[in-house]
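Chain IDs A, B and C follow the sequence of writing; residue 1 opens each chain.
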Amino acid sequence: MHRSLAQLCADFGGTIKGESEIVVTGLATPEQAGPEDLAPLLHHRFLVASTTSRAAAFLIDERLAARVTDRPLWVHPRPRLALARILEELHPEPHVLPGIDPTARVSAMSDVDPSCRIEAMAVIEDGAVVAARTVVGARALVGIGARIGQDCRLGPGCMVLGGCVLGDRVRIGPGAVVGSDGFGFVPTDQGPCRVQQTGHVVLEDDVEIGALAAVDRGAIGETVIRRGAKLDNMVHVGHNAEVGQHAMLAAQCGLAGSSRVGAGALLGGQVGVGDHLHVGPGARIAAKSGVAGDVPAGATYAGYPAVPRSKWLRAWATLLRSLDARRGR
Amino acid sequence: MHRSLAQLCADFGGTIKGESEIVVTGLATPEQAGPEDLAPLLHHRFLVASTTSRAAAFLIDERLAARVTDRPLWVHPRPRLALARILEELHPEPHVLPGIDPTARVSAMSDVDPSCRIEAMAVIEDGAVVAARTVVGARALVGIGARIGQDCRLGPGCMVLGGCVLGDRVRIGPGAVVGSDGFGFVPTDQGPCRVQQTGHVVLEDDVEIGALAAVDRGAIGETVIRRGAKLDNMVHVGHNAEVGQHAMLAAQCGLAGSSRVGAGALLGGQVGVGDHLHVGPGARIAAKSGVAGDVPAGATYAGYPAVPRSKWLRAWATLLRSLDARRGR
Amino acid sequence: MHRSLAQLCADFGGTIKGESEIVVTGLATPEQAGPEDLAPLLHHRFLVASTTSRAAAFLIDERLAARVTDRPLWVHPRPRLALARILEELHPEPHVLPGIDPTARVSAMSDVDPSCRIEAMAVIEDGAVVAARTVVGARALVGIGARIGQDCRLGPGCMVLGGCVLGDRVRIGPGAVVGSDGFGFVPTDQGPCRVQQTGHVVLEDDVEIGALAAVDRGAIGETVIRRGAKLDNMVHVGHNAEVGQHAMLAAQCGLAGSSRVGAGALLGGQVGVGDHLHVGPGARIAAKSGVAGDVPAGATYAGYPAVPRSKWLRAWATLLRSLDARRGR
């Protein structure tokens, strides 16, 4: 990148503490940085490493900046956002080279825009539609009648199964599955009876799905992930669930059938949400919590079964204190 | 479908409350239904949506029927089963068009019945046997010496690895793996020492495995999933585990090595079962529970470590009440 | 194998209790063994099956040996290790038949050693390097510029994405993903803003990764799995995490971004570790625990939030006892 801290400041905001004319040529973590690198120091855990870091300077927030004195600092009100902007500039989305790899299998009855890139061994089935500038990665599959919007990135080995619909700029991680059958079985005396899963999945614009995640199709009707929602690796979304706009679900979360996660909600890793339950807009659920009842809008819940986080913390504190008391006797 | 409620009743059972000659032409969820649709109303959460639903009529059970008065109702003792039957009629399993896609790689030393359908990029390795009318989806893999029964459906991208054996009518979800190596390592001073995993997996008739699930082969001998058992997405089954007939394991469950789940047992999502433990026949384990000891036949367990559900509920109630008391002081 | 117990003892150590000249011809589980098989009896759960087992003899440890009297016993101080050695002898790694399957897609700009085996439909992209005797399984993918060491085994359908680096003798399970994007988003008023994930993954020598696991690339810099560490099926490793030498992570574990697991640590199934947290070397975390703070070296933790295991057990005991007391009144 080769820019002085002063220039970075001018381009991306913030202020400089210390020598502002120092020039940095690369980005690296505090531990891996060389003497010409700028290192983001975005968490107090890195303060220890900072003393031995070879970094030329740190990108840091106001609070942590008070604890680092041995180095020039680029202090930013939102250092993660500054980092995102720099990385965007340094690593722009590569221009899509259009073309269909000779080993891809593209149905003559599909409709693939000539500006698309279809990589090795990809399969596009009958009736599928793939809009402009979309990349279908190696070994990815677009099923019968599926519709993919513009500027999407289907990762290698992912599958968008029959009838599913993706908006524009959707990204699907490697190996992820969109449109798997929901777990629809009715217990009978002769064993579980299958309920045909006849619906589909809608991923609205700017949705991202992580590696090896699975979004089940509706039993009837739709499973919907709303605009801009982000799902991490190995997230499971059951049939007819709905994930609200800009919601973020961390890795290994599971949403049972017909559950709802409101707009802007944040779910930590390994959270589970029971069937037909509602997590309100803007709610935050601590990692590994088990949501066994509705969560009000804006609330912060934790635990299993999930309760307001402060309550859960107090419950544990009480329990552990009673233990100490008992021991003291 | 185009049938009157009276006709549906005659064909699938139940009774009509209100105008029985109304004709419905499609099936949809209460929220997505149009004015000619029949909407299944299978959970009290949909009662709110029912008032604004445009559905012509609801398929509903006796208990919920008492709470809907503004619409003709098809009241059924087992509405989910009625729905399964209708969907089966509306969406019959498509007749299998036999043939081998030219891009598939079928070993000359395999034995694939001419009535099978082998889709694009599928790989059938040496010595594999695939019986009548089975469909091997796009990019699926049948490993060396694996044997697949009749009328199976191997989803796109799934893998049935070397030596594994599937009965008839088995369904494997997209991306699932049958026959992965178990986690067999012995700690030594030089680090973990690998135990070769030399067994295989048996999936009996009518077993279904969800998307991105994995069933490990036995270290020696078999990992067995018994007749009619159903495993949801991302379920992990460790080596030498056994899942009983008609058992149902919801998404993201994990069974450790040599564990056993009895016939007809029901495991909620994200449940974990420790190694060598037994979950008795007909037991029910609440979602997200951690089974750390045997569970008796027919018992209902919850929590982590899992205990009888009523006990777990009381424990939490007690804890939270003591909190309120403490606050009250 | 066809050897007497005395011979096995001479070759692999241990002592014989009972008839030492009995010859065994195969290995099987106690339940599946025939009358000429040796059956490892490695857990007290198998004692019940032992009485009806048809096995000729058991491989067993000192403690369990005291409870079996009806059969010749090969008593070994480390029976699992003995089993590993026998299996290694009976099922040696097959010699790699070099060659590139005609359906594989190997870039002319990659560097694949002629001693490698590249199976059906595998994809090797531009700039990738694959060293001697490595096997790239059917449908596996080696991305742009990735480097794979000697004697690696890339399972069928796995993906090593662009720029990732593998040492020697690394094994990747079927469908696993190395180098997926991390979950890097900064919340803004316009929704989550993507942080380009520009780093890579390093898997050192002798690392093993299970089926359908995912290791995210660093946001900047590396995600590292150190020498000899073993990750089971469906383990998720977030960006910039580090797993220490010889650590073992059981199935469905999740490590959040920038977390660290020390050398030799053991994590049970479904464990979660929060972002930026450290699990010390040699620590043991019970299955399903949620690590919400640092864990000291050598400690044994359990629960959610994870605390020292003894404390967690006492807490539950106290809670359940108070319940019984309450009932007794």
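Just so we're on the same page, a contact is a pair of C-beta atoms (placed from the backbone, for glycine too) under 8 Å apart; a residue touches a chain by one contact, two chains touch by 3 or more.
What you are looking at is a predicted structure, and each value in this text was computed from that prediction instead of being measured.
The two sequence copies chain A and chain B touch through a face in which the numbers common to both fall below half of the numbers used overall.
Rounded to a multiple of 5, the C-alpha superposition of chain A onto chain C involves a rotation of 120 degrees. Distance between chain A and chain B, defined via averaged C-alpha coordinates, is recorded as 26 Å. Among the residues of chain B, those in touch with two or more other chains are 121, 139, 157, 175, 212, 234, 252, 270, 304, 319. Put simply, chain A touches chain B in their complex at residues 105, 121, 123, 125, 139, 141, 143, 157, 159, 161, 175, 177, 180-181, 183-188, 191-196, 198, 212, 214, 216, 218-222, 234, 236, 238, 240, 252, 254, 256, 258, 270, 272, 274, 276, 278, 290, 292, 304-305, 307, 311, 314-315, 318-319.
Residues 27-29, 31-32, 40, 43, 45, 78, 80-81, 83-84, 87-88, 90-91, 101, 103, 120-121, 138-139, 155-157, 173-175, 206, 208, 210-212, 227-228, 230, 232-234, 245-246, 248, 250-252, 269-270, 287-288, 303-304, 316, 319-320, 322-323, 326 of chain C touch chain B in their complex.
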